[in-house]
Structure formats: C-alpha cells, structure tokens
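Each of the two complexes below includes subunit A, the first together with subunit B, the second together with subunit C.
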Partner chain A sequence: MIGRRRIIVFGGRMIGQLTALERTYAAIILIVIICVGVAMAVVGRGDLLAVHGWIIAAYGMAVMVVLLRGIDAAEPWEERFREYYDDPTKVGIILSLIWGVIGMAVGVWVASLLAWPDLTFDAAWASFGRLRPVHTSGVIFGFGGNALIATSFHVLQRTTRARLPDQLSPWFVLLGYNLFCVMAATGYFMGMTQSKEYAEPEWYADLWLVIVWVVYFAIYIRTLARRREPHIYVANWYYMAFILVVAILHIVNNLAVPVSIGHAKSYSLFSGVQDAMTQWWYGHNAVAFFLTAGFLGMMYYYLPKRAGRPIYSYRMSIISFWGITFMYMWAGSHHLHYTALPHWVQTLGMVFSLVLLVPSWASAGNALLTLNGAWHKVRDDAVLRFMMLAAIFYGIATFEGSFMAIRAVNSLSHYTDWTVGHVHVGALGWVAMITFGSFYALVPWMWKRPALYSAKLVEVHFWLALTGTVVYIFAMWNSGIIQGLMWRTFDPNGTLAYSFLDTLVAMHPYYIARAFGGLLFLAGAVVAFYNIWMTITQPAPVDEGAATDLPVEPPAPRAWAQAGE
Partner chain B sequence: MFNFHYRLERNAMGLVLAIIFVASIGGLIEIAPLFTIDETVEDAPDMRVYTPLELAGRNIYIREGCYACHSQMIRTLRDEVERYGPYSLAVESKYDHPMLWGSKRTGPDIARLGGKYSNEWHVAHLYNPRDLVPESKMPAYRWLLRNTLKIEDLGEHLAAMRVVGVPYTDEMIANATADAYGQANPDSGQAAGVTERYGDATNVGLFDGKPETLTEMDAVVAYLQILGKLTDAAKQAEQAGVE
Partner chain C sequence: MSFDHDTIVGFSKSFGLLYLVAMSIGVVIYAFWPANKKQFDRAAESVVSDEEDRPWL
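Right after this comes the complex of A and B.
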C-alpha cells in the first residue's frame, strides 16, 4: 500500500509541473479561498454557514500544504508542450473512485433504512432524509462529475492533439469542483439543503460552482483554439454540451435570495407551479446533459478506442447529438403529469419525450454497431464488455424513459419505486458501467503500465455489477408496479381496496432485495478500486513507448493565428 | 445538412453558439409563458401566507428531507382524490418558495394533512412513528422535541420571502419573533397579535404540549396542521364540479 510519504512525494512531483508563476498564482488563489472561508465563519457565526466557512478554510489550507511542499521544485521541463498534461486526470480518476465507493455505500445504507427504519439510532445526521442527498450527490456529482472532468481532459487533448492551455486552471477546476462536492455532502448531514432534487446545495456553493464552471469552459475553448486537428471530434461536442447546458440549468434553477449574507438558508426566486416546472426542467436535463451527454462523450472516445474500430456512422452521431440537445430540454414536464401544471406543457413534455427515443437509440445503436467485427474482443475482454453493456442499458433506459413519459403509463408509475428503478437502469447500467469501462481502459495508459493489475478481478467486477443491477431493477420494477396497481384498485363497492399501509407492507421484501442488489454493486466498485489502486502502485513501470498516444504536435511559431479558425 | 455540419464542427465558437441556441428553445417555450398566462394560477382571494412559526416548521421539513418521501401534490386521478382529498391547485403552492410537490411517495401524500390528526398524534408520531403505526418506515424524529426553535431571525426570513414576492407586511416582519412565540403559547400576551395579523382561523395552541419551551416540534406540527388549509379554493372547485 502506498504510504503518506509517497503521496507527498507524488504531490511534490506534480507541483513541479507548475511553472513558478503558476505556483505563485495558486498560492494567491488559495489565500483568497482561505480568507473567504474565514470571513464566512465570522459573518455566519451562530449559523451553520460558519461551519462551512471553516471547512472551506481547512480545504484551502490542506491544498496549500501540498503546494508548499513542492514550491521550491525546479521549473518544469521547457519542452513540456511536447507532452500531454495528465496529472489532473490521474487525480480525478482516484477522486471519482473514492466518491463512488462513498456514494454507493451511503446508497446501500439508505436502502437498508427503508427495510429497517430504526437503523437511524436517533441521530439527525443519520436519518433517511439527510442521507439520501448524500447518496445522490455523492454518486452523481462526486463519482460521475469527477469521472467526466478527468476523462474530458484526457479526451480533449488526444482528439485535438494539443496540450491543455496551462498547468493551473485544470487543478482549479478539479479541486474547486471537489470543494463544491464536499460542501454539498457535509451540508446535507447538517440539514443544509434547498430541497430541489439534485440541486440541493445552498446559494454560496452554487455561486462557487459557477466560477469553477466558467474556468472549465475556458479550458475547453482555449485548448480547442490551439488544436492541430481541423475537425472537433464527436466526443467533444458532447462534453461541450455538458458544460454549457449544465451551466444554463444550474444558474436558472438556483436563483434564490439568501436570508442574509450571514445565513446559509435562501428562498427560491420561483414558487409553486413555475418553481416545479423550472426544477424538473433542471432535474430532467441534469440527467440529459450531466448523466447522458457527458457520458456519451466518454463512450464515443473509449469504446471505439478499446474496440480498435472507428465509430460506425458519423451521420448517425450528428443526428443523435442535435436531437438530444434540442429535444431533451422539452421533456422535463413529463415529471408533472396530472399535476397543477397546465395541460399543454404536460402534453409537450410527453410528445418530445417520445420522439427523443430516436436520437437516443441512434447513439446506442451507433455504439453497438461499432462493435461489429470486434465481437470476439467483447467476449474475451471484460473492459470492452462493460462498455457494450453500458450501451445496451442506455438503450433500455431511454426506451423505458420514453415509455414512462406517456401520460397513462405515468399515472401508474409516478410517485412509485418504478421511477427509482428507472433511474438506476441509467445510473448503474449506463453511467457507472461506461465509467468503469473507460477507467479500466484509461488507467494503464495514464500510469504507463502494460496492463491492469488483474484481468480476473475485472471479470469479477463485471459479474457483480451486472447481477447487482439486475437484482436492483427487478426489485424496483416489481415493487413500483405492484404499489401503483394497489393504489388504484377499487373494490366492487367503488371504494379503495387497499390502505396506504397495505401497499407499504407489500414493499418490504423488495426493499430488502434492492438493498442486496445495491450491496453487490458496491462490492464490485470496491473490487474496481482495489484493482486500479494495485495497478497504480505496482512497481516497475514499463518503457514509456508502450503508450498508445499519438504525439502532440509542437506548437507552431504563430499558433495563435489559427485560433478561432 | 451534413455539409453544413462538416463546416460547423471546424468552428469552436460556432459550435458553442449553436448548442446554446438549440438547447434554449424548449425551456423558453415551456417556462416563460407560465409567468405570463393568467390562467396558470387560479385566483384565491382567501389565500393567506405562512405564519413565522409555520414557515420555521416548513424550513425544518426541508432540512430533514421529508419531501424525499412525502409528496404535496394530489393528481387529478380518481383514486388520489378518493384517498387524499380534492386535487391540488396551482394557487395552493403560490407562496411556496420552493415548492414541495415531491416526486416519490414512500409515505402518503400530505397535501391535505392539516386538521386530519390532533397535535398530540403528530407529536407522538414524530417521536416514534412505530408506536402508532407498527409497519411504518418513517424515521423517528426525537430531536425535534429536544431542540429549541431558533426564532430571533424570523423577521429576516419573512423579509427575504417578501423580496421573492410573498406579501408580508412591515408589521408581520417586525413582529415575526413575537408571533412565533405567541402562536405556540396561547396563554401568553403575544398570542393575540398572531390572529390579528394572520386571521382568526390561525391555529394557536400548545403544539408540542409543553408551554415552557418553544421546540422545533412546535414549528413542525404547526406546519403540518396548515397543509392544505391556506385557502379553500380546492374545496370550492370540487363543489363547483359536483353541482
């Protein structure tokens, strides 16, 4: 196992990649962050805001310690622009896996609370309502978000054949984003939440994320401006849609007025029906642009790369990209069928959700057809099999989503576990599988290892993940449909046949099965973490020539002349 | 079309602008009219605002994540109206910043919970749901009875709510702390001001059964007892439908 010393040495070596000027800027930024944290602690004393102030200050200081350890390192190699800059990607992969294990473990815990509610042991922080967002944000933003940032830096450089524009801003994005995640998770334990699902963090955390996101976008644009490939590859369209649209959604849905500058609590600018529509426009498109577009970007790079085959159809990828970008934004209102939302908006949401199946299946089909001619690899290589399975689950989830958006189907499925099951077809089957597949492919390239520590363990993980997913979604499909049917059953006299409690009792066995399925999936994630950790720490890196990268084009003397061509 | 795209994907800023444009259309068409079309939210002249104590209770409801398992939106379906009462109208959540319609019913809908059970029932149920409902999956919220309610800054909360459009008067804001205390202490001097400012129908009572301290339990029960009671519009709409 890697010791504390080695982490510090590793950290020092990474700081050595920053120029002296960048190290100075980094120190200034950290001092500002620490000061803001202390200021929040002072202004917000007597409020939970102060706790977050101290957490921010402590986070800033921890990063500062790492920075100071390497502050005297020699200037980086002048010719660094001949190499890609992968340190942030490496750290992002590890952070993603840590968040993944934490988020999934909390998921198993909250699932168990539904079967055995007294596991709360009379502590507010351990009750279902506070833990649930720790699970959802932990896996979506912690696991998924870090995976997207890490892979996007890797894909962006390879597909443009240009190095990231500098060594500081990628760290700002990665570590700044994780500060947001830390504020989110710690806040939920303390009960700090806006209550908007998947947008729970309070106003100051939301503002911070906007700053991080602007820098993230700037990295993309600056790298693209220096690209040595005339065309921008499909994967980057998706990563850009992810960055841009998430920014729009995040800003609009989080508009709020804080009680005061010293309060963590804020009141949403919108209320009632307008707030509901805005929230589900956000909520559904967080799924679309965070959990779909971003991960499609991942799929469009790592799947063809691992299969050793070009994407099946360039035109299909154009149709599916613009179809998804245009139509998803209309679909949010299907979360509000039969509610007080005006009928015309519900109908629009339903219609667009149905048509959305076309671009969604175009993507899934494009991925699977890419594997034509490489099916023997799918059979032998569990890494590629992860990616194939992800594409299949993506197809299932999008079909199911369109189906559930039909008003009559939704009247049965809404408010039940069927929705939870549907989400996990996407989250476990699609998002997590494509992420693990991509990580397994990426880790040996990043750390310049000939192969993963153990191909057998990848097989073990594959079957744990698949079994866990299937157990989970069948449990939720069953419980959801049973409960939906029980709620609407009338006896011959025209009165309701079942009390709410009858339906709750009927859910109990499925809640146990769901927790078990989740446990299997978590076990798989732990195996992945172990396998990747052992790959990274195993000694004797091979010759760097083993890397599969195309070389970076050295910058032309007048590179800026081509910017924005 | 594909030729156009062949050029577009060579232009980073063009791609950026195209994505923003194409992605903005749906939201603009579906959301913007909800603010301008008058029929979106019904008229309800009797609609009242939350008292400071109820608002504090609502904030605790949000803090504990109750919305993750309880919806507050009865759909226009026969079984839901039969089970929970008249279907929810948009106006009923007009002052809800944010709305708490919910997305999952691990527990039942509570849009019309107000007045259905006694204060004592709620206190006992929140203290340990399984004492009253052995099969319940709800966590026990014992700390609500232990925690003193923070009321000094409720005026600031009301003022922030006014900024986002809730018609709190200067008087309500100035007396927020006293009103919160008075609503949970009917024998105190501050009780009269509550009904004066928020109407005679306001629940004033010992919500947690204990006069000496104002606990978070007081606030949560006060909030649960007002659910569905801010206006009669839904009942009137139902009766109009029957006639």
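Right after this comes the complex of A and C.
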C-alpha cells in the first residue's frame, strides 16, 4: 500500500517538472497564503474565523513541505514541450475519488439518520443540518469539481494540440480549489453557513474561490491562444461555459457584507424575494453549468474517444450547446412557484424549463446515436457502458426536470422527496456515471498502463452503481409522491386528512430503501477507488483469467498507451 | 417616462423575445452553413484519430 515515502518520491518528481522560477513563485504564493492564514487567526481570535485561519496556514505549510522536499530537483527537461502536462490531471483524479468516497459516505450517513434518527452522537457537528451540506458539497464540489478540473486540463490539451501555458497555474487552481473545499466542509461541521443552497461557505472562502476561478479561466484562454488546432472542439465550449458562468453566478450570489473583517459571519446584499430569486438563479445554473455543461464537455470527448467513433452529429452538439447556454439562465424561477415571486417570472422559468428539453435531449440523443452501430462494444466494455448509462440518465433527468417545472406538477412535487429523487437521477445516474466512465478510460492513458487493474471490478462497480441508483430513485419517487398526496388530501369537512407524523410513518420504509441504495452506490465508488489505485500502484499486467467475452481493453486508443515513452 | 418595475418588465418581455429568437436563428444558420461542414467533420474525426499523444510544435 501507499507509504509516506512513495508520496514524497511522487511529490519530488512532480516538483521536478516545475522550472526554478516557478518553484520560487510557488514558494512566494505559499508564504502569502500562510501569512494570510495566520493573520486571519489573529484578527479573528474568539471567532470561528480563527479556526479557518489556522487550517489555511496548515494547508499552506503542508504544500510547502512537499515543495521544499523537491526544491533542489534537477531543472525540467527542455523536451517537456514535446509532451502534454498531465501531473495536475493525475492528482485531480485521485483527489476527486477521495472526495467522492467521503462525500458519498456522509450521504449514506445522513440518509440513515433520516431512517433512524438516533444514529447520531450527542454532538453539534454530527447533527443532520451540518452533515447534509458536507454531503452535497463533498460530492458536487469535491468529487465533481475535481473531476471537472482534472478532465478539463486533459481534454483542453488534446483537442487544441497545445501544452498548458505553464506548470504553476494548474497547481494553483487544483490545490487552491481543494483548499476551498476543505474550508467549506470544515466550516459546515462548525456550523458556519450563509444558508444559501450550494453556496454555504462564508465570504472569505468565496473571495478565495474567485481568485482561483479567474486563474482557471485564464489557463483556458491562454492555452486556446496557443492552440495548434484552429477549430475549437465542442467539448472546450462546454468546459468554458462551465468556468465562465460559474464565476458569474458565484460572484453575484455571494455579494455580501461581513459583520467585520474579524468575523466569519456576513449578510447578503439581497433580501426577501430578490434574495430567493438570486439564490435560485444561482442554484439552478449551478446545476446547469457545473453539473451539466461541464460534464457534457466530458461526455463529448471521452464517449467518442472510448467508442472509437466520432460524435454522431457535430452540428447538433453546437446547437444544443447554445440552446443550453441561452435557456438555462432563465429557468431558475421554477424553484419558486407559488411564492411571492411575480407570477410572470414563475411562468417565464416554467416555459424556459420546458423548452430546455430540446437541447438536453439533443445531447442525450447525440450520445446514444454515436453508440448506435457499436452496441457490441457497449455490451463488452463496462467503461463504455458507464457512459451510455450516463447519457440515458441524463435524458431521464432532463425530462423529469422539465416536467417538474410545470406549475401544476410542482404543486405536488415541491418540498417533497420527489425533488431529492430527481436530483439523484442527475447526480448518481448522470454526473457520477460519466465521471467514473471517463476516469476508467483516462487512468490507463495517464499512467501509461496497458489496461485497468481489473476489468471484473469495473463490471462489479457498474452493477453496484446501477442497482444503487435504481433503488434510490424508485424509493424517492414513491416516498415523494406519497408525501405530496398526503399533504393535499382533505376529509369531507375540508380539513387535512393526515398529520405531518402520518407522512413520516408512510415514508419510513422508503427511507430505509434509500439508505440501502446509497450504500450500494458508495460500495461501487470504493471498488472504483481500489481498482484505480491498484492500476496506478501496480505495474502488474492484465488478469488473464478475466471473463473471456470481456476484452480487457477495447482497441481504440493504441497510440495513447505509448505516449511519452 | 420613469424608469420603474414596469419599464424593466416591458423591456424583458419585448427585447428578450427578440434577441433570443435572433440568436437561435443565428446559431442554426452557423451550424448548417454548408461551408462549415468540412471543419465540423474534421473536428469530430480528430478526437478519435489515432495520432500520437503529443502537442503539435
């Protein structure tokens, strides 16, 4: 297994890829970060801000240790410009998997808490309200965000045929982003929150993310400026939309004034229904541009690559790209049906949500039509099957989303578990499946392995993930619709037929089923982590005993395996 | 004319419709412009081509 030595050797080799000047800049940046952390700890003493100050300083020092260990490594080879720069992608994949396992484990915990409320310690940090955002941020930002950063660097270089512009800024983005994730998760445990869904971290963490995100976008623009391939492949458009729009959303929704420079607490610039509208404009577009556009970028590259077939219709991919970017912006108000929000704004959101079905299904259809004629590959290759399943769930989730945005349907579904079910059709079925599929394809290319450690384990993961997702979403559909119907059932006297407790009793069996489905999905993620870890650490050849009808590695990317040799 | 809520609503309901329809038509024209077909086909093919995994110098 992994030893400290291995990390040090690995870290040293990575530092060796930085030029002397970049190592100096890295050291300066880290010193600034450590100083800022200590300053926060001093200014914010007596406040939770101080805890985060120390965490920032400790994080900076940990990275500094890795840097100093390798600071006197030989200058990088001039020939590096003949290679792509993949170290940040490799580390990003591992970080994504670690966050995935943590985030999903906390998810199983909070699901179990709903079924068995006694499963908590008598401690504030272990209460449902604090654990839940650790789950949502852990999987969305920790797992999903790292996966997007890692794959975007890979796809960007391959499709532009240009190396990243330097060796330092990708690390700044990756490690800076993970510092944000650490601040988010630790803050929730301490009870810090802005009370904005998916935007809970406080003002200083938000400011830090802005800096990281601007550097991220700059990497994209700088690499595109250096591109050798004149046409910008469609996956890059999706990744760029993801980066740019998330920056806009994040800045606007987090406009806030801190109580003082020494306090973690801040107050939003918006109030009342404006605050709600801004939040759900942000919230729904986080789904649109973080969880959809970014992962569509992933799909438009890794699915054709793995299948060995060009995308079915490139034209359709362009039209659906602009359709998604134009229309998602207006759909957020469907989260506020039957509220103080003006009726016409609600209707606007509903109509745009319905029209969105067109570009969404164009993408899902495009993916499936790409596979049409290569179904034998889908049958034999579990990696490709992950991607196909992702496209199918993407189609289901977007249909369901448009349907639930209709005001009349929303009157039944809103505030019920149906919403939770819908989110997980997207998160488990679409986001996680396309990520795991892409990782399984990417890992052997990145670490120059002939194949994954075990094709059988990919099969095991596939069926665990599919079963877990199906159990989860059916449980939530049943639970949510029962809950919604019970809330609106009147007796002949015109009073409500069921009390709130009656609904909980009715939902209890589904809560148990949901926790079990989540557990299966988590087990799959652990299997994936083990399989990928073994692929990386064991140069061992392929398991010859793998089922004979399963090609261990589909024939597609021959050249990839040798690259850089 | 005063600049109030109704002004913004009126602007959103009129100009919003026009520019979204105009952009949609623009995108469809761009995607289906015959001269663009070649570069689109090439882009779609380039992802799956078996070229060496190196930057072009």
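Note that in this section the second predicted complex is superposed on the first by the 539 of 565 C-alpha atoms of A that agree within 3 Å, B and C clash if a C-alpha of one lies under 4 Å from a C-alpha of the other, contacts with A are read in each partner's own complex, and residues count from 1 in each chain.
Throughout what follows, contacts are C-beta pairs under 8 Å (C-beta built on N, C-alpha and C of every residue); 3 or more make two chains touch, one makes a residue touch a chain.
Just so it is clear, the model here is predicted, and its values are computed rather than measured.
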item	value
Subunit B versus subunit C as contact partner of A:Trp322, first or second or both or neither	both
Partner chain in contact with A:Asp118 - subunit B first, subunit C second, else both or neither	first
Which of subunit B and subunit C A:Arg158 touches, first, second, both or neither	second
Partner chain in contact with A:Tyr84 - subunit B first, subunit C second, else both or neither	second
First (subunit B), second (subunit C), both or neither touched by A:Arg228	second
Touched partner set for A:Met240, first subunit B, second subunit C, both or neither	first
Partner chain(s) touched by A:Thr419 [first = subunit B, second = subunit C, both, neither]	first
Those residues of subunit A which subunit B touches in one complex and subunit C touches in the other	230-231, 315, 318, 322, 326, 564
Touch list for subunit A against partner subunit B, complex	113-114, 117-118, 120, 122, 124, 127-130, 132-133, 188, 191-197, 221, 224-225, 230-232, 237, 240-241, 244-245, 248, 252, 256-260, 263, 265-279, 281, 289, 315, 318, 322, 325-333, 335-342, 345, 348-349, 352, 411, 414-416, 419-420, 487-490, 495-496, 500-501, 504-505, 564-565
Residue ranges of subunit B touching subunit A (in the complex, touch as defined)	2, 5, 9-13, 15-16, 19-20, 22-27, 29-31, 34-35, 37, 39-41, 59, 62-69, 71, 73, 75-80, 82-83, 87-109, 129-130, 133, 135-143, 153, 156-157, 160-161, 163-166
List of subunit C residues in touch with subunit A within their complex	9, 13, 20, 23-24, 27-28, 30-32, 39-48, 50-57
Subunit A residues touching subunit C - in the complex, by the definition given at the top	81-84, 157-159, 161-163, 228-231, 233-234, 301, 304-305, 307-311, 314-316, 318-319, 322-323, 326, 344, 445, 556-560, 562-564
